[in-house]
Amino acid sequence: MDACGGPLGNLTAHVWLSLQNSMILSAAIFITLLGLLGYLHFVKIDQETLLIIDSLGIQMTSSYASGKESTTFIEMGKVKDVVINEAIYMQKVIYYLCILLKDPVEPPGISEVVPVFQSAKPRLDCLIEVYRSCQEILAHQKDTSTSP
Amino acid sequence: MCAQPVTDTKEAKWQKVLYERQPFPDNYVDRRFLEELRKNIYARKYQYWAVVFESSVVIQQLCSVCVFVVIWWYMDEGLLAPHWLFGTGLASSLIGYVLFDLIDRGEGRKKSGRTRWADLKSALVFITFTYGFSPVLKTLTESVSTDTIYAMSVFMLLGHLIFFDYGANAAIVSSTLSLNMAIFASVCLASRLPRSLHAFVMVTFAIQIFALWPMLQKKLKACTPRSYVGVTLLFAFSALGGLLSISAVGAILFALLLVSISCLCPFYLIRLQLFKENIHGPWDEAEIKEDLSRFLS
Amino acid sequence: MACRGGGGHGQPPSATLFRVSPGNLSTRRTLTHNICMVSDFFYPNMGGVESHIYQLSQCLIERGHKVIIVTHAYGNRKGIRYLTNGLKVYYLPLKVMYNQSTATTLFHSLPLLRYIFVRERVTIIHSHSSFSAMAHDALFHAKTMGLQTVFTDHSLFGFADVSSVLTNKLLTVSLCDTNHIICVSYTSKENTVLRAALNPEIVSVIPNAVDPTDFTPDPFRRHDSVITIVVVSRLVYRKGTDLLSGIIPEICQKYPDLNFIIGGEGPKRIILEEVRERYQLQDRVLLLGALEHKDVRNVLVQGHIFLNTSLTEAFCMAIVEAASCGLQVVSTRVGGIPEVLPENLIILCEPSVKSLCEGLEKAIFQLKSGALPAPENIHNIVKTFYTWRNVAERTEKVYDRVAGEAVLPMDKRLDRLISHCGPVTGYIFALLAVFDFLFLIFLRWMTPDSLIDVAVDATGPRGAWTHQCPHRIKRREKNKMFKAR
Amino acid sequence: MLLKAFFPTCCSSVDSGLLVGRWVPEQSSAVVLAVLHFPFIPAQVKELLVQVQRASRVGMAVLGTWCHSQQEPEEPLGHFLEGLGTIFPHDPWLQLCRERGSKSWSCKVSCQQAPAALGVPCEDQVMLIFYDQRKVLLSRLHPSAVLPDHQAGDAPASTRGLAAVFDTVARSKELFRSNQFNEGPVRLSHWQSEGVEASILVELAKWASGPVCLLLACLLSLVSAASTCRVFRLWPLSFIGSKLSTCEQLRHRLEHLTLVFSTQKAESPAQLMRKANMLVSVLLDVALGLSLLSWLHGKNRIGQLADALVPVADHVAKELQHLLQWLMGAPAGLKMNRALDQVLGRFFLYHIHLWISYIHLMSPFIECILWHVGLSACLGLTVALSILSDIIALLTFHIYCFYVYGARLYCLKIYGLSSLWRLFRGKKWNVLRQRVDSCSYDLDQLFIGTLLFTILLFLLPTTALYYLVFTLLRLLVVTVQGLIHLLVELINSLPLYSLGLRLCRPYRLAAGVKFCILEHEAGRPLRLLMQINPLPYTRVVHTYRLPSCGCHPKHSWGSLCRKLFFGELIYPWRQRGDKQD
């Protein structure tokens, strides 16, 4: 650097600076894009589905903004009940639907609580509707499994 | 009881009890409300001259600090030879030591059970350690700037004055901390002196004026108050004189400080007592007046 | 903890309304309130305030009101819980600063508290304990939101030292526009009126209560060959543990047939242990350590005399509990203690070792001469004194009165703060009140009240819990609560 | 209860026939495994079923009929199909029909025990679930705790839920194998495995693996016997062995190899997977090591390296000398105590001098040592890396010494200052009650204490600076060693085989299933497609991670900072008294 003094040195320094600037810029853009992709792929949930199939199980699907889907299926044999619960969430108190799983060791106990619609967080009236239909199916299930 | 007819309620007398249902609403305010309120029951009456006499402890301590700083200045300037100071200090210490026992005719010594051998041992320890460490002290703060040392010393001497045991019963008082801060300041200042002998003499002098002198003072004050006042006045004037030889402005300011502490502050204390309004009542937390430590010792 | 009732699954509401038991129906009133109790102190923490809130809430629920409790999270216990009879408790995730009291910034709790007040349609905020920062926060926010406020003071404060000067100023600010204040004894009322510079007309005295069925005497549990003195208190300076350390050797030297049982834990326990070692009283002074509330009765019934050495006390529950168990009570004459029990049931002494020893000797003499009434008789007298139903009735009257009052609008509130709390403090807190109001407007703009789901009532006139078979749930919940303790 | 029929997708377009499979009564589900085509002789069919049942220990039965035709089955055919039910008595009797060329399916269920319902179709009660036979056969459900009694034999009822379906399909491998080339008297349709050629190789490998394993196991047992020999238990050797990461790594690898080549058969799929993972990890390790070896030994790189090493060590020593000289001046304008500074500086300079002479003494042998060390790369990259780590530790021994001196001095000062500070305030530490009590000291105690306090306080910056500088150097070395160790750990513990399996055959590691609705119309059976939900990568790694050698401590950041502040020594290996944070 010190070999080429005068205007030439100045120029090279300038070019180098602008090059470095553009590199920084492109790196910033790249990182932002990467972050955005990551956000769309891992964080932003577009749609959540709850599928309850009589005598088979409950399937929860959440599809991300990038199109990735993640599915969890819970067999009916493990489901103890579906309930609406309240929780303090951030600076709010919300209602949420959750699935209670049976404890395999101690049947009347609950081993796990699986919350449903974690990102959508629907309001109570909507939850009640879902809850009623879930209860209908669960009640039907219980009737048929105990009667024969 | 709530079912009693209304005519009775007029005659029923309100009682300050909770266990009876009384025919009054819950938010009823009786004439006896707040009748147990007392004001200023623990307020003390102060005598002006008594307060002035008590303030002499503060004066003494201020003067001690002043004398110490003046002596240090003389040493630093080379106006005072260390031998001379050491000799004077030794002589005055011996006189003080004899006085200490003479004032109460050795009663305090008997009570504490401290032997003369222990005193000698302490004196030896002081002298040996100070003498042994004085070369270290000399080089200790070489690289530290003089301003830092001055700031530190001022801070430590102020701390010494704040935490000194003036006889008040407060949480902040800690005679140990006070003495330690004074020694720290003296070590800092001594390290600025030109030779290690100077440092040694300075630290010895600090011990005499900050540790031994207050002990003698306390005894003087307790046994012969009149001579104590005299000693205080003498000490204050000598400190003022020493300061005057360095700086006239400083001496005037110091004299003003002494006057304000010994005369003005007691006056204000007595005046402000008139505005005191302390509320007492049955809700106060009871104080345990007895000394309960006797059960444990 | 699930809200099964919330789904209203299958039960037609008209059918269940008639299933309410007749006893319940008789106490149901036309005017019911939605009450929110706020305090930092609640179960699983143990103490007088905690049990006061719990018992009062239970009795108010019984009388047909809707009651919820808001407190801060205790360890793992956070979120929303239901206790006996559908008493809903919000354990809010707020940071605890000192002595189980939350840190306050005066604003950070507003979003959550406002959300709860709106979704539960609360009409009256009832805060407890002047030590609780959350209670004061809630009062402040409730007044900003235009809700009626009631405050219960459970403690006494001096006026002499710096800390009490500061706290008294804060109490003045907090209570200057509170609708009504409840104190637990007349002494406490005088204290609170002086501290907060209040009009005594808006201060009611409603004592605490004990559940007399929990504290019944059992004379067979105690040995009549020796005299047993029971002390149950936290071992701290304010409870006079230092006095106790002086009394124990004095009395034990005088009476060889006398034992002490001391229940409770605290920093002063060490001096009791030292006294016990020094005077070789290991077999006569029994230190039980921390007691659970349900064990207190079992300890009390083992003794003949109950000793209370408190140095300050607004309303001493411990002596009422002891008297209810049929013990002769010896206590210091401090605070509201002289108001609590009639003279024939208590021996009052000055707070000094000498006076307390004399009181104890008098009690021992009475005991030996048989001048004391039987425990059963004492119990029968005491059990009529303080009941939670009575407390709830009287509190309800306060609510009725408060519900009719108008809440000060913002401008009047600011005027009152400035005129009532002194020039500096008044302006500062008026400014804070304005900030709070602006914050509330911002929150209302962020999440309008219409977007907040109305909570399903657990208690109250439309409560889901009152419509279900209460007994089954009661038992289950009770078990759960005991486990938590 | 709703009747669920699991039907393989590969059979959805085959000719009509009988449905062969297993009936799971607890869930009222019929798992169809194959379609048996017309014509057949009933006795042979029964014999086949008995045979398969014996081999797989699954209750096989004819579940019903399958009809794949142009139009709706005509009356006689319908009667015929119903009539078959009397030959193969089963309850309930399924009648599946599909019209050729269209997508309409129908299903009838007839129960024989209830005579009133005989032949009465109840179509809304049936659910058809299609599944891919191959994937279900090969996949393993996680968590595998659902199949604990895989070896226990005839207790298929104990597996619950969908695991039962998986179990049934997995056990009836026998059925799929026996009729691969349509030779038998009965004609079956089901999934047929491909890749026969590859399977020959696999068979060969299986044959060969037995003796190879035996041989290697013998060799390994010899090696391990040698390593446990008494000589290595003697004091200096055992101490060095426990501190050198090379020895740890070798021991770790030896364990791996003995496990992989043990002649015992893997008991469970998890164990098999573990073995495979270890094998792949060892193979990869050795491959990387060999490539490193070839790179090192080509073009005299060892010589270049050896030539470069001594100047580098010299250079480092020079730099250290400069650093010390800088510290002996007034570094960064700090107020140091000149006398102490000089003493410390000279002491460290003398050490560096010692070090340089040691290096120069060593320099003729370095190339030779490096050459031999390079050979160790054929044992694997991890071993080479561990040796590198050890060499770094040896070459920076002087830094370690400086660090220890600095830390000890600093630690002494800190503890002295903290107790003297208590004396300064008139307090003392009560050992019995573990708290600070107030105490009244004698005048001479106070005086000496304060004198020492002052001296220590003014000397502290000097010591602290030396400590700080050498701690930073030491931390640099430890960080480099830690990075190498991390790399070794990564190679050691990454379950490469499982990850590869997850990448190429996602269905092999199943986290569960998911369903797609194919047809949901009133009056027709609900048709669902069952797909396999693969295990996420994080869980694959978590489940199949190989245990690491665990000779390194895991400090929490807080405790590390605390130790650094108080001048306690930090080591890259675990101390005896250390607890894992």
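Here the chain labels run A, B, C and D in written order, and each chain numbers its own residues starting at 1.
Throughout what follows, a residue touches a chain if its C-beta (ideal position, glycine included) is under 8 Å from a C-beta of that chain, and two chains touch if they have at least 3 such contacts.
All values derive from a computational prediction rather than experimental measurement.
Under the touch definition stated at the top, chain A and chain B share these contacting partners: C, D. By count of C-beta pairs in contact, B-C exceeds the other of the chain pairs B-C and B-D.
A centroid comparison over C-alpha atoms places B as the chain most distant from chain A. Per-chain Cα centroids separate chain C from chain D by 55 Å. As a whole-number value, the distance joining the C-alpha centres of chain B and chain C reads 45 Å.
One finds 71 Å separating the Cα centroids of chain B and chain D. Centroids of chain A and chain D (each the mean of its C-alpha atoms) stand 26 Å apart. The set of chain D residues that touch two or more partner chains is empty.
If you sketch which chains touch which, the chains form one closed loop in which each chain touches exactly two neighbours. Chain pairs that touch, as defined above: A-C, A-D, B-C, B-D. Partner chain B is touched in their complex by these residues of chain C: 156-160, 180, 185-188, 190-191, 193-194, 200-207, 238, 240, 242-243, 245-246, 249, 271, 274-275, 278, 311-312, 314-315, 332, 334-336, 338-342, 351-354, 385-386, 390, 394, 397-398.
By the touch criterion stated above, chain B contacts chain D in their complex at residues 122, 125-126, 129-130, 133, 136-137, 139-145, 174-177, 179-180, 183-184, 187-188, 203, 207, 211.
Contacts from chain C toward chain A in the complex involve residues 1-4, 6-9, 78-80, 90, 92-93, 111-112, 115-116, 119, 447, 453-455. Here chain B touches chain C in the complex through residues 16-19, 21, 25-27, 29, 33-34, 36-37, 278-290, 292, 295-296, going by the rule given at the top.
Residues of chain D that touch chain A in their complex: 1-2, 4, 27-28, 127, 129, 160-162, 512-515, 517, 528, 533.
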